[in-house]
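Lettered A, B, C, D, E and F in written order, each chain numbered from 1.
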Amino acid sequence: MRPSGRKLSEMRPISIEVGVMKHAEGSCLIKMGETHVLCSATIEDKAPPFLKNTGLGWVTAEYGMLPRATNSRTRREAAAGKQSGRTQEIQRLIGRSLRAGVDRSALGERQIVIDCDVIQADGGTRCASITGGWVALKLAVDKLLKAGVIVSDPMIDHVAAVSCGIYAGQPVLDLDYAEDSTAGTDGNFILTGRGRMIEVQMSAEGATFSREEMGELLDLAEAGCTALVQAQKAALGL
Amino acid sequence: MRPSGRKLSEMRPISIEVGVMKHAEGSCLIKMGETHVLCSATIEDKAPPFLKNTGLGWVTAEYGMLPRATNSRTRREAAAGKQSGRTQEIQRLIGRSLRAGVDRSALGERQIVIDCDVIQADGGTRCASITGGWVALKLAVDKLLKAGVIVSDPMIDHVAAVSCGIYAGQPVLDLDYAEDSTAGTDGNFILTGRGRMIEVQMSAEGATFSREEMGELLDLAEAGCTALVQAQKAALGL
Amino acid sequence: MRPSGRKLSEMRPISIEVGVMKHAEGSCLIKMGETHVLCSATIEDKAPPFLKNTGLGWVTAEYGMLPRATNSRTRREAAAGKQSGRTQEIQRLIGRSLRAGVDRSALGERQIVIDCDVIQADGGTRCASITGGWVALKLAVDKLLKAGVIVSDPMIDHVAAVSCGIYAGQPVLDLDYAEDSTAGTDGNFILTGRGRMIEVQMSAEGATFSREEMGELLDLAEAGCTALVQAQKAALGL
Amino acid sequence: MRPSGRKLSEMRPISIEVGVMKHAEGSCLIKMGETHVLCSATIEDKAPPFLKNTGLGWVTAEYGMLPRATNSRTRREAAAGKQSGRTQEIQRLIGRSLRAGVDRSALGERQIVIDCDVIQADGGTRCASITGGWVALKLAVDKLLKAGVIVSDPMIDHVAAVSCGIYAGQPVLDLDYAEDSTAGTDGNFILTGRGRMIEVQMSAEGATFSREEMGELLDLAEAGCTALVQAQKAALGL
Amino acid sequence: MRPSGRKLSEMRPISIEVGVMKHAEGSCLIKMGETHVLCSATIEDKAPPFLKNTGLGWVTAEYGMLPRATNSRTRREAAAGKQSGRTQEIQRLIGRSLRAGVDRSALGERQIVIDCDVIQADGGTRCASITGGWVALKLAVDKLLKAGVIVSDPMIDHVAAVSCGIYAGQPVLDLDYAEDSTAGTDGNFILTGRGRMIEVQMSAEGATFSREEMGELLDLAEAGCTALVQAQKAALGL
Amino acid sequence: MRPSGRKLSEMRPISIEVGVMKHAEGSCLIKMGETHVLCSATIEDKAPPFLKNTGLGWVTAEYGMLPRATNSRTRREAAAGKQSGRTQEIQRLIGRSLRAGVDRSALGERQIVIDCDVIQADGGTRCASITGGWVALKLAVDKLLKAGVIVSDPMIDHVAAVSCGIYAGQPVLDLDYAEDSTAGTDGNFILTGRGRMIEVQMSAEGATFSREEMGELLDLAEAGCTALVQAQKAALGL
């Protein structure tokens, strides 16, 4: 029995609202249950220095959390003077995952920065950031296409992410905080719209898992990402 | 003629929605036109060290802005490794202003932290933070009263803030970004519900102003704060 | 009755000694009673990047305090690894105020840096920094004029600053530390030689004030700045 | 054909020399071909604050690389003023993996710090750090047991790690730098002596992979970790 | 021929004015020609943690330089966010040297902090800081003795410092900036009032020196420190 | 009697193994008894900016210590966020000393970075770094000569360093940690192959010394450096 009463393979309600930040080239507010993340995309004319004269573009991400997005207040990273190791790990993951869905040659020598800011946290913030970040990215790229700045569409496929884990001995989909904080094994699964895998991160803090369990979680993840891709399409009117 | 077509003494539409962050002891989303600020209040059991054994409480504030709250992306302060001088100046002002409306003896030896995070910016973010921050503070204090943690109400009076300035030679109320970025003289006015002044900051970047002009801006500010206090009351059902 | 025995409208003795730092393009040691500040001006050939090709110059300021300028030793900011919010707020104010007295077009694309270092503190260090900083700035600009580097004088008017406050229920001029640390309301007033206002900052830590009180403080400030401008002229032999 | 001429499932020569740092409670120099890592274990009497009065111990890790461990010199992180996101991600992984092999209750309220410093890098430094770090940890724990500080052995099982990836379209074991820098998909696999999984991290920078490929890499990883556990036993004389 | 016209063994005019900072427990302004350093002593009730329960006191020093103490402006270390290697090296030397003149047992478990701030620099600032720092220290210790806080005098002997070097092939005493910046070999010599050596630092940037030259510089240094100790006595009325 | 049983003028066994880091242009592992330091040389095509268009090259050094090189673990400087004052002082000394042995004009406008990383510490790490660093530097320069990048040999002479001190009242050569931590006076002596002095640093923490003692230590240092230069030659096959 899950704390929320959900079935083992039941996701939380998904909501993706686009165009919520008037200044951004693309934006959305994604809600996975009580986890809410604001995602925005910024187009920059220049690619990072290491890509100079390669003809290739770049997609990168930054991640943050409002101090009171969490149950007890988290110290503001700007006040602490640095981003935590956790934050850096997450934003590197978001950027890497989104790049897997982009033809960087078609994008050309420019950079798109995806900002993911957690307004309210209830588990799965990095997965929500990837799923929502893709929507913001898609909107920004569409703007470039419509303006004729680029001519061929660099978006190869959807990118979506979901967490799964072993909770109370059973494989469950889309962990919320109550589950995430006690699960022995959990993982993040980033998949494309066609079901190919981009990144799989399974981790057992103080425990271990078998290949069979790994297979069960992958099955759940594939179902979850299919639903997320549907939500992305619906939000974008595709 | 103002860029927005507003009359000289016309404020932007005010909207204050309470209870928007489920983890916080008090929260609201305040909108002054296109300026949107999320305000939350966190109650901490301990007062800062310098108040130890004084019986007095403390109210402090932190301020932040999402990178793409602005027209062009602003570098994330957590990534830059420090809060800018501007950010520190603003959060010191918010804290100082809110403390002027609180009987710190009635609050007792605890601290309330007000987080103000700008989701979208169009001028006047510090004033919106103060006005919204007061609502979050009030909700948190009411929670303490209801729980019987404190017995006498430490809230002395409303605190609200508005900016005024000389735009195109004329005194105007509640500057938006288009006005703020070109006004020769502008100021922030923090007033109580009874119209007493808490803080007046008038500044002329590369210009100067007379006492007469100062008086006109004060007249506008008094009218503006009266409207803001009404909006605070409406949001709280007072 | 003021702790120093001064009358309500009586300033502390003013002393401005010029030419005290042999390497600087302009310098002075300003003493407002026991508050002593060393001010120097450095001419830099280049303006900041954001002014490139605008034809406009810049005046900026940095502020510091010797660790034992204060009654109990203050931690050295260089050792702490950053400038405090208070320091940044003050140096932004000094720069902004001095720029209001300069025709940046006549100055041309160069920068003058004003360093204000408090050797001994007894209240009013930011005001003394502005008044003394103007003298250092004036000396540096005169050097540019004499050398023919610039041809028309960019100095529009004197800039001087004084603090006033409500001490023991009465409006007083030029607060020293004993008054400043207990005044409910105090403010900093930056005026030009012709009595125009550049910046007014009134603040009531844990208190409030009326428009009538504000008027009384302005009257005091105008008298104080008139005296300070006289001292600037005397120091410079104008 | 692999750059080194190795067969697809062939590991590099493994060498683990123990007792190489005279001050450490446990240490070894592990070599996976041309990748050399010095691992040391330090026993600290106190557990981290969050474990106070829980009876549980902690194992943590720090990771570093000599500036010229790499082909071109890498900037020293101490000089840069911070550990990179990559470094933090790696040391979090090492600590998490080693904790999965430890009964923290049997360890008691103390901390063991594993330092992994890369002397020479040729791919797979994080995996070598985990495999060698486990040896240093084991030696330190044996010292505690021999001294009677703890009475029941907290070491549950071996922990070993290896990387696998898709290189030139074929699954290969134990990637060296030449392979690692061009592989479309690669992963790190951390397993126990009994073949249970602790952590699986598969990542496709700018590419994707199928479940079938994932299965093939897991097969390779199981074989690789079996060999590594043998090397650990040989080095320790078990 | 020296740039200043001084004889090889001629020092610059020495001036030591005591009591220049009203808040400090001891202070002086030392001038070695155009090198001016403000030195203050602060008594702290607690010794550093590593001396807890040893009965021993500590003397430490911090060193700084006003941005425009030098010919071209030096970036403010507080703005740069850290003290340079040079600053740290100098303040460690000042503290170490002064401790050699103090019986730390007689001082008892307290700390005296010596702040040396260079107001104007023309070579030899670290030596002037030591010589002047000793005067400030002596004044602070005398205050402790007079107040009966300590009963036996912890001051063992004077401590004074001077620089010497090989300029244009000849040994010279008390180098000014013009000499210091071109001397192939120079050194700092810290001696006691009785002529014992505390620290000798000789350095040849891009050159070398012989034992004979070293002996000549030591002769000069002994003469120089004798003169400095006389000046310390005169300033203190000993 | 020395803790190690060595005679007063007896050095620890010296071992210098070259070519230990495959990526570096020059490298060695130097052992002075139980003090082990890895030294590498990196050739960079560009000299530092301040040498632009001077035709002169530069040699600089960085120094580090593995956390468990010492008896109790030392905090990692990369984690602490900065290099300590001690580290900066040491690396400045290494760079300065090595430059004294190089004709920077013959080197041409390039930079050689010497990294000295202490693997195990037992006193005298900075001296071992200089002696070993010179070997790495020599190997890198030979590579430049052999490749014809430079045509005349910039190596003027050997550079070697040794510590001496007064231990238990007697002058001793090459202090180990047991001696170093209790010696009243000790010093570092950096000499050339011909016995000329580059740097002499004598320091008496809480004590003083005479010129006679200084002479005795210099005699020991000359003998020690002669032995070190022999070891450098042997390691390089000169």
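Following the convention adopted for this analysis, a residue touches a chain if its C-beta (ideal position, glycine included) is under 8 Å from a C-beta of that chain, and two chains touch if they have at least 3 such contacts.
The UniProt protein names, listed by chain, are A, B, C, D, E, F = Ribonuclease PH.
Small disclaimer: the values here were computed from a predicted structure and weren't measured.
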item: Copy pair chain D (Ribonuclease PH), chain F (Ribonuclease PH): interface residue numbering same or different (half cut); value: same
item: Relative to chain B (Ribonuclease PH), chain with the most remote C-alpha centre; value: F
item: Chain A (Ribonuclease PH) and chain D (Ribonuclease PH): spacing of chain centres that average the CA atoms, whole Å; value: 28
item: Between chain E (Ribonuclease PH) and chain B (Ribonuclease PH), distance of the C-alpha-averaged centres to the nearest whole Å; value: 51
item: Whole-Å gap separating chain B (Ribonuclease PH) and chain F (Ribonuclease PH), where each centre is the average of the chain's CA atoms; value: 59
item: Where chain A (Ribonuclease PH) touches two or more other chains at once, by residue number; value: 82-83
item: Contact graph of the chains (line, ring, star, complete, other); value: ring
item: Chain order around the ring, beginning at chain D (Ribonuclease PH) and proceeding next to chain F (Ribonuclease PH); value: D, F, E, C, B, A
item: Touching residues on chain A (Ribonuclease PH), where the partner in the complex is chain B (Ribonuclease PH); value: 21-24, 27, 34, 38, 40, 42, 44, 62, 64, 66-71, 73, 76-83, 87, 113, 115, 117, 119-120
item: Complex contact set, residues of chain E (Ribonuclease PH) against chain F (Ribonuclease PH); value: 82-83, 85-86, 88-89, 91-92, 96, 99-100, 104, 187, 192, 196-211, 214, 218
